[in-house]
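You will see chain A twice below: alongside chain B first, and alongside chain C after that.
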Partner chain A sequence: MGLREFDYGPLVSVEGGSEETIRERKRQWNELRPLFMRTRMVSQAAGSSYIEAENSKVICSVSGPLALTGGRTEAIERAKISCYISRTKFCGLEDAELEKRATTEYEGILCRALESIVRVEQYPKSTIEVHVLVIEDDGSTLPAAITCACLALADAKIELRELMACCSVAYANGQLLLDPTLGEAEKAKSPRFCPLQQARRGYLSLRCPILC
Partner chain B sequence: MEVKVFERVHPREYFNLFSEKGIRPDGRSLTGSRKTAVRVGSIRTALGSAMVKCGSTTMLCGTTAKVINPTGAKVEFAPIDVNVELLPLCSAKYRPGRKPEESYHLQELVAQHVRRLVQPSSLELEFEDMMWSLSLDIYCLEDDGNMDDATLLVAMAALKDTRLPEILSSEEGYHVTKSRTRTVDFRELIVPVSFGVVDSRVVVDPDSSEEALCESKVTIFVDEKGSFRGLSKSGGSVTSKDLLSTCSKLAVQRAPALFSQLSN
Partner chain C sequence: EVFSSVTGISQQNERGGLTRVDVIEERKAIVPSVGSVVTCRVLRINSRFATVEILVVDGIPLRSVFRGIIRVQNVRESEVDQVEIPKSFRPGDVLVAEVISFGDRQYHYLSTAKDEHGVIHALCSQSGEAMVPISWEQMQCPKTRINEWRKVAKS
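And now, the complex of A and B:
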């Protein structure tokens, strides 16, 4: 368990308070956590994928291209990408307000990132829906969601310009930490970076600071 | 006409070509079930968790707990809240926005079931007027039919895996221990076995394409001793007593496999 303890309601408090020392990072500053990635997780969806980075688990499914409904007039020559990010109630984040704010912002980031790699002009008058579920959150779930969404789009055979991978970096105690866990990201007092990198062409977008 | 096109355009005729010979399109017999697997404890941020895969149908459940002051007389049923989320992630049937009706049906089904099975005394605390209240959050990761069975199994498995901390009293108030060893006790375990009735033929464990063709759905509840404990059939076509007793017999045959999965 990271910083966040289980919350048992207002009637009881956690023994010894809620401060907990962060476990010493066992890997190098520039080492990723052990990764597991798989596509075809949801056979009913057009495309789907799953990423697990030690304790962060994210699943994504893509539907589309679907016909655009309603009398929309804007952007008919290009596909519209809609992203929805949900979290399980037990994913590890407690503050409901923080979750709500961050989710809308994350959906926007995800949409913009995907719009630049999907060949939207190949799918006029349609919409592509990307649904992400964060099952367990131990830091770097937005980068995992972006990578997962890209894999799911590829699995759905939607035309992409190239593949995209994403990773975050935290700056804590004068030290850069790649792929920070929730505890490490909390400790980072300085702005955090979240570079998105395309396979060959270089950086797609950089954000600093970001709530990761 | 190509097979896939025929399946899309005439699903009932397609299914009948198989069921007349006693098998189904995915190769099972009419009374065969899909492989069911139960895995517990994979989510460390939940007090208890379980995942059930019944063929492709995948349900995930996590439990959280709060200490409450129950009002009123002695609690007859265990205080367990259930929330079932059917996100668009799991099937094209569900659209973003309003919660689908099926999720309310599953919530009620699970709540009625587990509140009766869990011993309320296992959630009571020795301090007066305090008790554990559990919340089950169930997420469907894929809907390929027969969600009722999978949802009930995942709820029971997650509750069995739940470990609660102890509560100690001091002058500052009540606080919980870091270690969690307290389990949730069941009066007994009862599993559901669901059937679909397609053109008066009973199929065990229908998948999503078969569910769409069903004229009615029957669920039989069986306990560990193999006794019939309950039946659920809402609406659908008129079924005979013989059909219901066939379902009972098939359910009693299927139940031991489900119990062995739950106890692992």
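And now, the complex of A and C:
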């Protein structure tokens, strides 16, 4: 397994797919599902956002910065980011075991992604809580959660280094498929998540481990 | 190019030939940090320190309550060994203090040593009326004329 770096312009120049790939609703291999995003969805939260990509729906609310509760020794010169991902009973995932395993891993990935963009040194001795609720799951919900969490943090006026968007890629039958649905992801070897950071000049770089 | 780290409306001011760019935010995310001036309410006292809940940091209301303590040695600058907490603060008082350290796991450490820090609002223990400061160490109830001991902030 090797790491290849792609230079990613506005959705057109990722290599590794072909035009003949047939996806549902004639979607191109490098075409994302239509997105709807909105902030200020939860009035009680410091910041919140909602993201919808056809049938994947994720809502995120951010609380904080909150006081650290005692009983833990954390680094006090920076904020601690706590992420909690939960799913509704009707989200569409049936295998409860798979759900449980993936959630802890996803929470860890989400925490690490957010730690790279939040200016944690501005909020010493405090904690920022990120609660993600997956309302409906049709694939790519972790990338949607990361994007959503970033928007919710911006809505909460928490200082960020950059905005972060995230997209997943599945590798099936020698083809790359961007933003796979649940069905497409199941057929793939395994989807890989690629955080895309919006760098200073609006240039997106895509890092993706590829099965070679 | 300058980028902002928070969302808000940018505002540019010209001052002395230099342009200053600010972001106007409705309600800033802030935490108490060393050196910030905080407004707190006293929760409880004992002989060694007063426990307070920090409500406002540098003029900005906090989103969630942080806790702090003011120890005997940090109440005032003079005659530190003769300080008595019950004669400086009482539960329910509102005071202004400065954060001197991040303290331990639960509490930030605060200080009211400066003249302009100390109790700004206290209720009379008998009548419940808001008292009026009469010196740096006493406040008086306008109704009962009773003087009570506090470490009063100089206004």
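Worth pointing out:
Here, the second predicted complex is superposed on the first by the 161 of 212 C-alpha atoms of A that agree within 3 Å, B and C clash if a C-alpha of one lies under 4 Å from a C-alpha of the other, contacts with A are read in each partner's own complex, and residues count from 1 in each chain.
Criterion: a residue touches a chain if its C-beta (ideal position, glycine included) is under 8 Å from a C-beta of that chain, and two chains touch if they have at least 3 such contacts.
Everything quoted here is computed from the prediction, not taken from an experiment.
When the two complexes are overlaid on their common chain A, residue A:K125 makes contact with chain C while staying clear of chain B.
Ranked by how many residues of chain A each touches, chain B and chain C are led by B.
In the overlay built on the shared chain, the residue A:L142 is in contact with neither chain B nor chain C. When the two structures are aligned on the shared chain, A:A102 is found in touch with neither chain B nor chain C. By the document's definition of touching, of the two partners only chain C reaches A:A67; chain B does not. In the superposed pair of complexes, A:Y84 makes contact with chain B only, with no contact to chain C. Contacts of A:E159 after superposition on the shared chain: chain C is touched, whereas chain B is not. Once the two complexes are overlaid on chain A, the chain A residues touched by chain B in the first and by chain C in the second are 63.
Across the complex, chain C meets chain A through its residues 1, 3, 5-8, 25-31, 33, 63-67, 102, 105-106, 108. Partner chain B is touched in their complex by these residues of chain A: 1, 4, 6-9, 11-16, 41-45, 55, 57, 59-61, 63, 82, 84, 86, 88-92, 129, 131-133, 135-138. Taken together, the chain A residues at the contact with chain C in this complex read 46, 63-68, 70-73, 76-77, 79, 119, 123-126, 154-161, 200.
By the touch criterion stated above, chain B contacts chain A in their complex at residues 43-47, 49, 56, 58, 60, 62-69, 83, 85, 87-92, 96, 130, 135, 137, 139, 141-144, 165, 167-168, 172-178, 208.
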